[in-house]
Each structure stands twice: as structure tokens, then as C-alpha cells.
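Listed after this line are the structures, all set down as C-alpha cells.
Presented sequentially are two complexes of chain A, the first with chain B as partner and the second with chain C.
And then the complex of A and B:
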């Protein structure tokens, strides 16, 4: 049995290849900062993928899906073949989704294997083979490497008075077939009612509200081409969170996060729908629960201003 | 059951708005479910099909969603919203005197409204949901389609 097979998730996830993707270097920088700070506070190591490239995001994928498979496979190839890593952790739902999708394609589609082989050869790097690395989300990373009990032991500022609606967005769970590890019995993530973020924030003391739009469409990809639809969908998500009693919407995707923040402002201006629910990355919330200062988790980089709120909750 | 048949999409949206503005009433559950079905019927008809009268897991709503998602994987972007609507209907009708009934009715109205917003958005921009959830290629590109429509799952 190889070392790879004998390692537990806890051991495997203690040091992972980190694939931030483009959003975390731009509009989602607060997520990047807070993910790194959280990992450091928990004693987990992140080794950024060398010379990483775009995952193919949504633009390439929708024009030439196999080119997206190749782009995502290159990231995994570098992690596996150049860095000798077992696990790639992608905090962005889009990146995570695309790497999982590429994995599925390479496992199941001969044409994808052929195209990826040709392009890899042309680009001069080893061809990624399905199964060489395991791609995980930041939620899997914390859940499996530390777990709820491990988090509870480390909490310095409990989130006990914070009421949270957890918003997972679409690409963390859809389409189901690219996430074979989900819906696999007790302890695994659910694609219809995801709960990993709820579990982690509850371990840090938060009160999760019953939020029925956890994976509902926010019109994210249409935010520029059809802003009105996006604004209406986001406004309904924000109003539903508030109606559920939430003070905060916790996010785990830079696209969801910036969409909620931007359309919260736009909904007030164009629809007259004013909402006050705060929008904060789960990594920022967990970081503050572990005693990190708001600035250390990038709260100042969010568009929405949550400083007064976190101060009121004793998280500063 | 109240029937939303014959109501335009805008009329359904207007009715949902009024239901959300008034104090939540658990007795609205049946109408909210019917409005959800009415919204889905508009989508199915817009695709040139006759809305099914079948049920799935005891709900016509879920059968209509299934029909709407046929050959259109992006429609799965509203799958969980439909299931939440059915779930809230069950909560309200099976536990009608529960202390949380008014809150549940309020949430059901917001969920029904989300379904309405998604589908009315999709009636204007059909690609809503295709760019992300379903990963449906906008065109086949140089290297062809990717998974033979499996994204529909």
C-alpha cells in the first residue's frame, strides 16, 4: 500500500497545494488573505501551485470545454508532477468546480484525454492523469484537517451571538456527477442541503438560521449582461436571509460574495430594497473566532462595511 | 387547490408580491404551491410543450421541474428551490398548528418568489444558469462538446 493510500484525510490535508485562482488575487482578495491567515492559525500548510494558470473559469469552458479541461489539468499536473503533492485545495467555487469537472472528464471521456495529452505535450509538461491528485474545497480542508472538535478547542472569541445564513452558491454542488464524494453517506457533504459551512461555524459558536436558499441561483454569471435579473435574485436572497433572522450571510466563493455585496447596493438604489445583513467570508468569521484581528482576515477589503458589527459582537 | 392556470407570469409575480407584503398566513401554502406550478407551466409552454399533470414524489411541482429540465440542464439551477417549496408546503400542511407556522409561511412565499424571479429572468435571458450551473457550452468550439449532456444531472 502506498503512502498516499495510508494517509488519513487529517494527515493529507495538513499540507496541501494551494490554488487561489484569479478572483482571489483581485475582487476576492479578502478570501485569499483570510484563507492563508486561517491556515496559519490552525497550523496547516499551504504551498501555492507554481506558475498556476486560469482554470478556464466560465468563459473558456462555455466556448471550448476541452480547453477548460486542459487548463485545469495543467494546474493539477504541476501539483502532482512538479510539486509532488497529493491534494489541491481551491477556495473559489469556480476553480474547485472546474478542477473537479476536469477530473471527471479525464476519467470518463477518451476525447478529453486525447486533447489534454496533445496540448500538454505542446506546452511541454507532463500530462495529468485522472486520480493523481485529490481536489478539495476550503470547506473540506478545514472540516477534515481540523474538524469541529479541533475548532472548538481553538476558539478564543466565540461567534455565539452571531446569527448566520450560510450561502453556498451553485458551483459547489452542481452538477452532482462531478462530485462523487458528496452524498456518500454519514459525514459527507450533501449536494441538496450542503452543511459543511454550517458545521464549522456552529463549532465556532455561531447560530445558523434555517436558510432555504443555500444553493439558489444568484444570477452571478449574468451580473454584467443582465444586471437587473441578478439584482432581483440577490435582493430576494438577502431578504430571505433577513427574514430567517440572519445578521450575516457567510460565503465560500468570491463570485457569490462580490455578487451579494454589489447587488445589495444596487438593490437599494434601483429597487429601493434596503437590506442590512452583513456579507462575510466563512474564513473571515472563523479567523476572528480564533482570535485574529479583523484586518488580519481582510475585513477592510470587503465592499460592505462590517467593522462596527464585528466590534459589537466582540470579535475585534 | 387554487389554480394559477390562466395567470400571466406578471400576474403571478404581482400576486406573490402581495402575499409577501401581507402578514404571513399558513393557509397560503396551497396557493403558493399552485403559483410555483404556474410559473413552471409558463416555462414548459414557452418550450413548446404541454405541462404535465403527472406527479413526482407526490408533487406536480417536481414533475413540472423535471419536465422543464429535460434537455435543458441549466434548469437544474432551480431544482433545490422547487424542493424547498415542496418541503415548506409539507411543513405547513402536516404541522399546520406549529408555533413556527407563520414564519414558515413567510419563508415559503420568499422561496416561491425566488422561483418566479429565476424563471422570469430565464424567460428574458434563456442562458441564465447555463454559464455556471450546467456548464453547457455556448458553442462547440474547436475541440467539441464535453460530456454528452451529462451535466443535466
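And then the complex of A and C:
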């Protein structure tokens, strides 16, 4: 505990437990690659959570929220008790949200605590206790460990002339009660108008457009089970970004990212709504600004093709 | 923006007569529209308790009917009939038949958490939507929604191996819902992926679909989870009186 109190977040976040989660090993691999490449370029250490499991995601939460709490608690238990880490960084909005939800649940709901205790014992690992680790998002990680000034010093290819709509999605800010550190005064993240991604990309030279749908829903939960609804929600996001003058939508969640990519194609096919805005992870944009090659940040792993665009902007 | 509310007067209950005289008074035409009286006689007094017994529905009793949930709702914007406040009202009043009129859309909640974010009473309306769609399925009012099937396919894999591989989840989901994997937009997407991916990576992704990623030493966790799931299912069956229903049906046969 004394460690936590004396270390500044700059020192604390210089080496964190890294929880990629399932999506980052599959459809969101570009986010995994670019997060690791970015960390390396910035001299930040990532220690992957040993033998991790799924956080439970929305799907297990829908079946039983206490089971999702247990699954997330196992990840945090390994980081705290086996790896002796006090910070877990999860770039995926879903994982980040679920670890936060589990933390809140364990602190506030006795029944959940009881279920997690029983399951952990039967599964043969130490029970996670609320407060053992701090869960952060990749945005917190870069923002606190490096900061805007630190980024500015390291930029090799400025993102100037790149007009960006920053898209945060649902899970990063809602519901507010599981994010007690947000809305906590100057310098903290806002749940109604998040700005960490805007701040970082602006530090790398980008021009952020005034985008009103930063925390709108892309319908990611039903991207396959109710595709028509998701397509309508995504088409609205894409068209609004274009109307705001954006050339790129910067993303910070693998589900949002692949949802935007998939439904951009689907909106053109089924609704006749064609949009040309590029969809790129913020870690890919920051990596290229630091001088990393597009392939080093996994641009080839995106479904949408942004190679010609980044070349035109001088980011190669 | 005002909250759109479905009119409580159903069109089929409105009556207009071209020529009608009652006790010497002419009541013809639009200005004398009649509303057929509506009597609710089939209250399910246990409805609120049944929803509260399902995961997510625990806090429904806290609701004050302020309507913040409906006002913030993502799906309500697309379909004004999607009205969480109204459904919570119906459930608490026990008006089951009125609730069943909307049974085919309740599962469409996208879990964006806008309602839970703004709810001043911590009702967790998003959870209530999940509980209600589970209830509709458990009671046999609706078939399993595609959303539920997706949740099941996903959770089965997590419980079995500790992790999921998204390609495998997608394939199983399409299979279980009887949909063809070769949707035109899906083909377009795969073409987009093939354009840029090096062969090595494609092979690795293909392998991941064949050999599921696993958490090592997951066996004990799996057994513990499965035991818990079974206990919970038994509890829910009891709370909803499903076993009694089945027994009653068997006696009739």
C-alpha cells in the first residue's frame, strides 16, 4: 500500500500488468500489435497477465453478472497475487469495463463477494480482494505515464492536417458509478465529454473535429444478432463524423472498431449509405506519429484499408 | 425532447359511428368517438418478484417512474415502442398481457448503459431488460432471441476453455441460428482482410479457429462454474414456478 501512495502515476504506469483479452488475440489483433509497439517506442513495460482468461464480457454478464465478476476477478487475482503488480492495463473497452464492474461489485455487493470467494476456492486460486489492483485503460496509461508534453517531444511525423473524430463508445464511461476516478475535477476524465484521446492526438499534432457522438452506441452488443439495428447506429456515427469534417474516426475498443468497419460495408450494401471516413485505432495513429511504420502498428490487420490515406498524410 | 409514449388507447378500442342516436341524443361522427372500456382482470401479482429473481432484475422495485431511462435510450430513438420506463411500470403493476404486446422487441436492448448511467434510483434498467427477455423465453412467450443464442454460444466457450476465439463464436452462432455464413457484406469484409494480410498471419488466424485458445489448468474453474450455473438454474426454475407448470401439464396428459 505504501508503494501506491508514494509512487506518482508516472512511475506506477511505467510498468503495468497487460491484459489484452480475447478480442485482441483475434479480430482486434491490430490493437494488440499497436499497443505493444507504442509501449515499446515510449519505453513503457508491459507484463502480460500470466495465463489469463476471458473477462466474462457482456455475454456472460447477460447470463449471470456474478459469473462475470468471478471471471474478471481471476484476472485481477493473478496480477495481484501471482505477479505482484498493482496496476492492470486493459486496452479493450469491454475488458476495462468488466474489470471495473467487478471491482465495484466486490466492494459493494456482499452476495457477489461470497460467490467469488466460493468459486475461487473451488478453482484453486487466491480470492481477489477489492482494491488489490488499479485497473486502467490504455488511454490512462499513455496520458499519465507519458503525458501530452512527453508525447510532443517524441513526435516525428506530426498528425497535422489529419482531421479526427474521437470515438469512445459506451463502455469507457458508462455507467458512471463504476468509474469513481472519473468526473473528479480538473485533469480527470469526463464521463459526459471524454477528452483523453482528443488530448493525446492533439499533442501528436492532429486536428480534432467537434464530434457530438463521442459516446454514442455502435450497437456492438448485437452486431451479429440484430445487424440491422447496428448498421443504422453505425451509419449515423459515420455520417455524423463526416459531416463534422473528420477524415478519420479514432477508436479505442476492438468491438467498436470492428463494428464500425463491418457496418460501414454493410451500410453501403444494405442501406446504400456510402461513407469514406477511415477507421483507425488511436494507438495506430500515435505509433505512426512517433515514426513507426504502418505495418509495425498493424494497419494491414484492419479490415478497412487506410494505406493510401496514411501515405498521403506523410505518415509512412 | 418529449418522451414518446405509446397511446394507452388502442386503435381497436376506438369506435366512431356514422349514424347513432342514444336516448334522443345524436352521437354520430368523429366528435363523439367512443372508447371501449378496458378491464384488466389477468394481473400476475408475482410478476415483479419473478423478474427480480432473474439476473439483472434485482433492483426493479426501486423505480420511481421518472422516465430518464426511456429518455436516454439508444433503441427508443430508433423505435419509439421500445420503452423501458413503461415496461418497468407494467411489471410492477403485474400487467402481464400488456407487457406481452411488446414481447418481440424487448431483447433488442443494446446494453449501452445510458439508462443505468442516468437512473437516479440505481434500478439498472439495462439489467431489467435482460431479466425481462430471459423471463419471456423461460415462460415460453418467445423463442430464444438471436441475442440470447449469441450469449449462450459465447458463454459455453468461456466456461469450457476460459477463453473465446471470435471466429469460432461467429461460426457457431451462424450455425445455431440457421443463417448462412456467406452474407454479401461478410464476403466483402473478408475480401478487405485478404487484401492486406500476409499469408503467415492468415494461417495463424485459421489455426486459431481450429485449435481453440485455452486457459491452462482450467478444469477446476470449469467444474466450479458449471456447478454454480446448475444451482442458479434450479433456483430460477423454482422462482418462476416452471417445475409446477411442467408437473401440471404432465398430470393433464
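Convention: the second predicted complex is superposed on the first by the 315 of 316 C-alpha atoms of A that agree within 3 Å, B and C clash if a C-alpha of one lies under 4 Å from a C-alpha of the other, contacts with A are read in each partner's own complex, and residues count from 1 in each chain.
Simple rule for what comes next: a residue touches a chain if its C-beta (ideal position, glycine included) is under 8 Å from a C-beta of that chain, and two chains touch if they have at least 3 such contacts.
Since the structure is predicted, the reported quantities are computational estimates derived from the model, not experimental observations.
Trainee: Report clash or fit for the pair chain B and chain C bound to chain A in the combined superposed model.
Mentor: Verdict on chain A: clash between chain B and chain C.
Trainee: Just to be sure I read the superposition right, which of the two partners does A:291 touch: chain B = first, chain C = second, or both, or neither?
Mentor: Neither: A:291 stays clear of chain B and chain C.
Trainee: Quick one: is A:212 in contact with chain B, with chain C, with both, or with neither? Answer first, second, both or neither.
Mentor: The first partner, chain B, only.
Trainee: Could you say whether A:112 touches chain B, chain C, both of them, or neither, answering first, second, both or neither?
Mentor: In the superposition, A:112 contacts chain B only.
Trainee: In the superposed model, which partner reaches more residues of chain A, chain B or chain C?
Mentor: Looking at chain A, the partner in contact with more of its residues is C.
Trainee: Going by the contact rule set out at the top, does A:244 touch chain B (first), chain C (second), both, or neither?
Mentor: A:244 sits against chain B, while chain C stays out of touch.
Trainee: Who does A:56 touch here: chain B (first), chain C (second), both, or neither?
Mentor: Once the two structures are laid over each other on A, A:56 reaches chain C alone.
Trainee: If you stack the two complexes on chain A, which partner ends up touching A:301: first (chain B), second (chain C), both, or neither?
Mentor: Touch partner of A:301: chain C, not chain B.
Trainee: Between chain B (first) and chain C (second), which, if any, makes contact with A:170: first, second, both or neither?
Mentor: Once the two structures are laid over each other on A, A:170 reaches both partners.
Trainee: Name the contact category of A:69: first (chain B only), second (chain C only), both, or neither.
Mentor: After superposing on A, A:69 lies in contact with chain B but is clear of chain C.
Trainee: Running through the overlay: 22-30, 40-48, 76-84 or 238-246 are the candidate stretches of chain C; which one clashes with chain B?
Mentor: 76-84
Trainee: Across the two complexes, find the residues of chain A that touch chain B and also touch chain C.
Mentor: Looking at chain A, the two contact sets intersect at 58, 62-67, 115, 170-171, 174-177, 216-217, 219-222, 225-226, 229, 232-233.
Trainee: Which chain A residues qualify as touching chain B in the complex?
Mentor: 58, 61-67, 69, 94, 97, 101, 104-105, 108-109, 111-112, 115, 170-171, 174-177, 192-193, 210, 212-217, 219-222, 225-226, 229, 232-233, 236-237, 239-240, 243-244
Trainee: Of all residues in chain C, which touch chain A in the complex?
Mentor: 55-56, 74-75, 78, 108, 110-114, 116-117, 122, 127, 130, 145-152, 154-155, 158, 162-167, 170, 173-174, 177, 184-185, 188-189, 192-193, 195-198, 201, 205, 208, 213, 215-218, 220-221, 223-225, 227-229, 232
Trainee: Quick check on the complex: what are the chain B residues that touch chain A?
Mentor: Interface residues on the chain B side: 73, 76-78, 80-81, 83-84, 87-88, 106-107, 110-111, 113-114, 117-118, 121, 124-125, 127-139, 141-147, 150-153.
Trainee: Inside the complex, what are the residues of chain A that reach chain C?
Mentor: 22-23, 25-27, 29, 51-54, 56-60, 62-67, 70-71, 74, 115, 118-119, 122-124, 170-171, 173-177, 191, 216-217, 219-222, 224-226, 229-230, 232-233, 261-262, 265-266, 269-270, 299-305, 307
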